[in-house]
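Which chain is which? They are A, B, C and D, in the order written, and residues in each are numbered from 1.
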Amino acid sequence: MSGAPLVELSGVGVRIGSSQILRDIDLQIDAGEIVGLFGANGAGKTTALRLIATLIRPAQGRGMVLGADLTSPDRYEIRRRIGMIGHVPGIYPEMTLGENLRYSARLAGVATTKIPEVLAAVGLAGAIDRTAGASSHGMQRRAEFARELMIDRSLLLLDEPHSALDRDAVDLVEGLIERKADEGGAVIIVSHDRDRINAIASRSVELTGGTLT
Amino acid sequence: MSQWAWVAFAYTIAYGSLVVFAVSIAVRIRTTRRSIGDTE
Amino acid sequence: MTTGFWHQVAAVIERDLLRERRRGDVLWITIPFGAIALLLIPLAVGTDAALLRQIGPGMYWVIVMLFGVLVAVGKASSETLPQQDASSLAGLDPAAGFVGRSVSSGVLLLIFELVVGLVAVGLYNISVIGIPWLVLTLVLAAAGLALLGTLTGAIVNSTSAGTTLVPLLVAPLSVPLLLGATQAYDGLRFGHSILSWVLVMATVVLIVAMIGVLTARPLQET
Amino acid sequence: MQSQTRIRRWPWIAIGLSLAVAFTLSMVSPADSVQGDLVRIMYVHVPSAWLAYLAFFVTFIGSVAYLITRSLRWDRIAAASAEIGVYFTGLAIALGMTWAKPTWGVWWTWDARLTLTAIMFFVYLGYLALRRTTDDQVLRAGRASVLGVLGAIQIPLVHFSVIWWRTLHQPPSLVRPDGPAIQDPMMLAALIGGVVAFTIVYVSLMVKRIELIHLEDRKVDMESAVERPVAGEAVTAPELGASS
């Protein structure tokens, strides 16, 4: 972990089906950085996050994330240290918020006793038995932040973290982001709200036409 | 049908479809070549 | 395999069964669908009691094979991309995901087999014989079908066909299970040894389980 | 790449020549004492069935090799062979039915080998259907190769279970412990000639079919590189005032 960049992409391209979504991406992110990622609708921001999360294979170039090559089986070993909150919640609507967290905790090998604590930390102490599908979008978001608090992550990838969140939650999220950076992790935030991101990010990059500028 | 009629029927199926199959591959090769501008 | 592997398997089983319990797809849709199919057959082929008694076991197994696949591709066992991503990033080993899903589908299939089986026994006046062996064939058929459904579900995952392709892929591959199950019942009825049929079914289960575990990672790549 | 896409005519010539030889052999060979002239259907039916098995075996090899090496070359071999295999399986079934009708009086009998062939046909039809569902070469190769392995490994199981289930078919006509059942040298020549000729046809078709897959993949590559806009360029700044 000492000194080595958390994310290192050189000349990376991504194809989905027969279309080239990203091309020639060069990006280096060091520990402690908060990076804003901007771009028009359809510029490939979500694909870029999934690439860095090791969930999508690069078609060209070379990429290292948390010391693992994006094309080697090592990437399965480091996935547990990458947190991602996409714009569609990755939780099961049939299960309660508590059950969703319990599921993630058991997969990650984290003690389930942490669940009430992290739910309280995101202001959902009373919602542990609430069905996820019947909860508002903002509550589902908060539950996802609780999941990222519960599993100790080195890299946090956030897709539009401010959408659907109220004033309190935004403060909560920004506090979490800054704490993650202070602890030696890194955070990448995709957003359209440049002012807000520039206030907390150490730098920002822009995706245009599938390339970083 | 006489035995030879059955044989003729079977051979038409076998050889006829083989020719159709081969020609379809040839035609697809040709059209794909054209569409990617390979005029070799 | 580490203890972490089996913890993950348990977590996936719990998730699938919880989702199914809340949704009730198998209980309220697939099982009634199978039962009504058993009701339709006599309307089409005639209601001669002797005939129905003769074709009943076969019809029952055909319906289990054709409709059972729906359990493995149902809403409760399918996931959206963000859900899959979240599981992957929680560290879910794809092989553990495969095993967990297969077990939960297998449990649901067994329930499907039992309920639809009772309907078949009632409607067609089928005699229930050799219960320990019968239970074994039911379990093996459920396991084999669940594994086939889960594996082909993983194969078509993130292609444009989605789950519509799964029944076409599973149906021809389930032939050894169908023959094993039906011939085992005949064997029991006529007092023959059914060991060879049980072995055929067990071999299917083992082979598909092995392929599923070994190819779980390549199949997750998108 | 260049040598693989060069226009090659020898496969067409080989197909024409070998079919001509096979046809001549099967016409000049004598009629069977029991089956009469109907025996001539065997000279196309047996080679088709043989090729169906060979083709699916090649698909299996290509699939396994792809999973180990991750080289798309193997996937193309598997795909080409599966398509040709489905064709020959269909042909073998059609010819078998054409033979069965005048011989046994029915189009279809539920004997083991016929049933197995029909099941194989659907397994690989599913394989081809799966390949149609995505343009992504790597994704397609991965999914298809797992199915290629699964299908092939299941075939012996289907085979044994179907044989135990029912055995009515005449025993294999060529390979038998006590020597070939067909005694007449001309009939044997027609049968073996048919098998050899059809095998040459298979190899020739494979060469052309793989060439076609190459071209199709190149076409997809070129379209994604040139014609389609890169993601993001499809969205432009709204032009205010244009609509009002």
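Just so it is clear, a contact is a pair of C-beta atoms (placed from the backbone, for glycine too) under 8 Å apart; a residue touches a chain by one contact, two chains touch by 3 or more.
Model, not experiment: these values are computed from the prediction.
*Asks:* Identify the chain pair with more contacting C-beta pairs: A-C or A-D.
*Replies:* Greater number of contacting C-beta pairs: A-C.
*Asks:* Rounded to a whole Å, what is the gap between the Cα centroids of subunit A and subunit C?
*Replies:* 36
*Asks:* Could you grab the centroid distance between subunit B and subunit C? Build each centroid from C-alpha atoms only and quote it in angstrom.
*Replies:* About 41 Å, centre to centre.
*Asks:* With chain centres taken as the means of their Cα atoms, state the distance from subunit A to subunit D in Å.
*Replies:* Inter-chain centre distance comes to 47 Å.
*Asks:* From the mean C-alpha coordinate of subunit C to that of subunit D, what's the distance rounded to whole Å?
*Replies:* 30
*Asks:* Spell out, as numbers or ranges, the residues of subunit D touching 2 or more other chains.
*Replies:* 134, 138
*Asks:* Identify all positions of subunit C at which a residue touches two or more other chains, and write them in rising order.
*Replies:* Answer for subunit C, listing residues that touch two or more other chains: 221-222.
*Asks:* Chain pairs in touch?
*Replies:* A-C, A-D, B-D, C-D
*Asks:* What does subunit A use to touch subunit C in their complex?
*Replies:* 50, 53, 55-57, 73, 76, 79-80, 82-84, 86, 88-92, 94-95, 99, 103-104, 106-109, 131, 144, 147, 151
*Asks:* Residue numbers of subunit C touching subunit A in their complex, please.
*Replies:* Counting only subunit C, the residues touching subunit A are 4, 7-8, 10-11, 14-15, 18-19, 22-23, 76, 80-94, 217, 221-222.
*Asks:* Any idea which subunit C residues touch subunit D in the complex?
*Replies:* 151-152, 155-156, 158-161, 165, 168-169, 171-173, 175-176, 179-180, 183, 196-197, 200, 203-204, 207-208, 211, 215, 218-219, 221-222
*Asks:* Using the touch definition up top, name the residues of subunit D that touch subunit A in the complex.
*Replies:* Result: residues 134-136, 138, 220-221, 223-225, 228, 230-235 of subunit D touch subunit A.
*Asks:* Touching subunit D in the complex: which residues of subunit B?
*Replies:* Interface residues on the subunit B side: 1, 3-4, 6-7, 9-11, 13-15, 17-18, 21-22, 25-26, 28-29, 32-33, 35-36, 38, 40.
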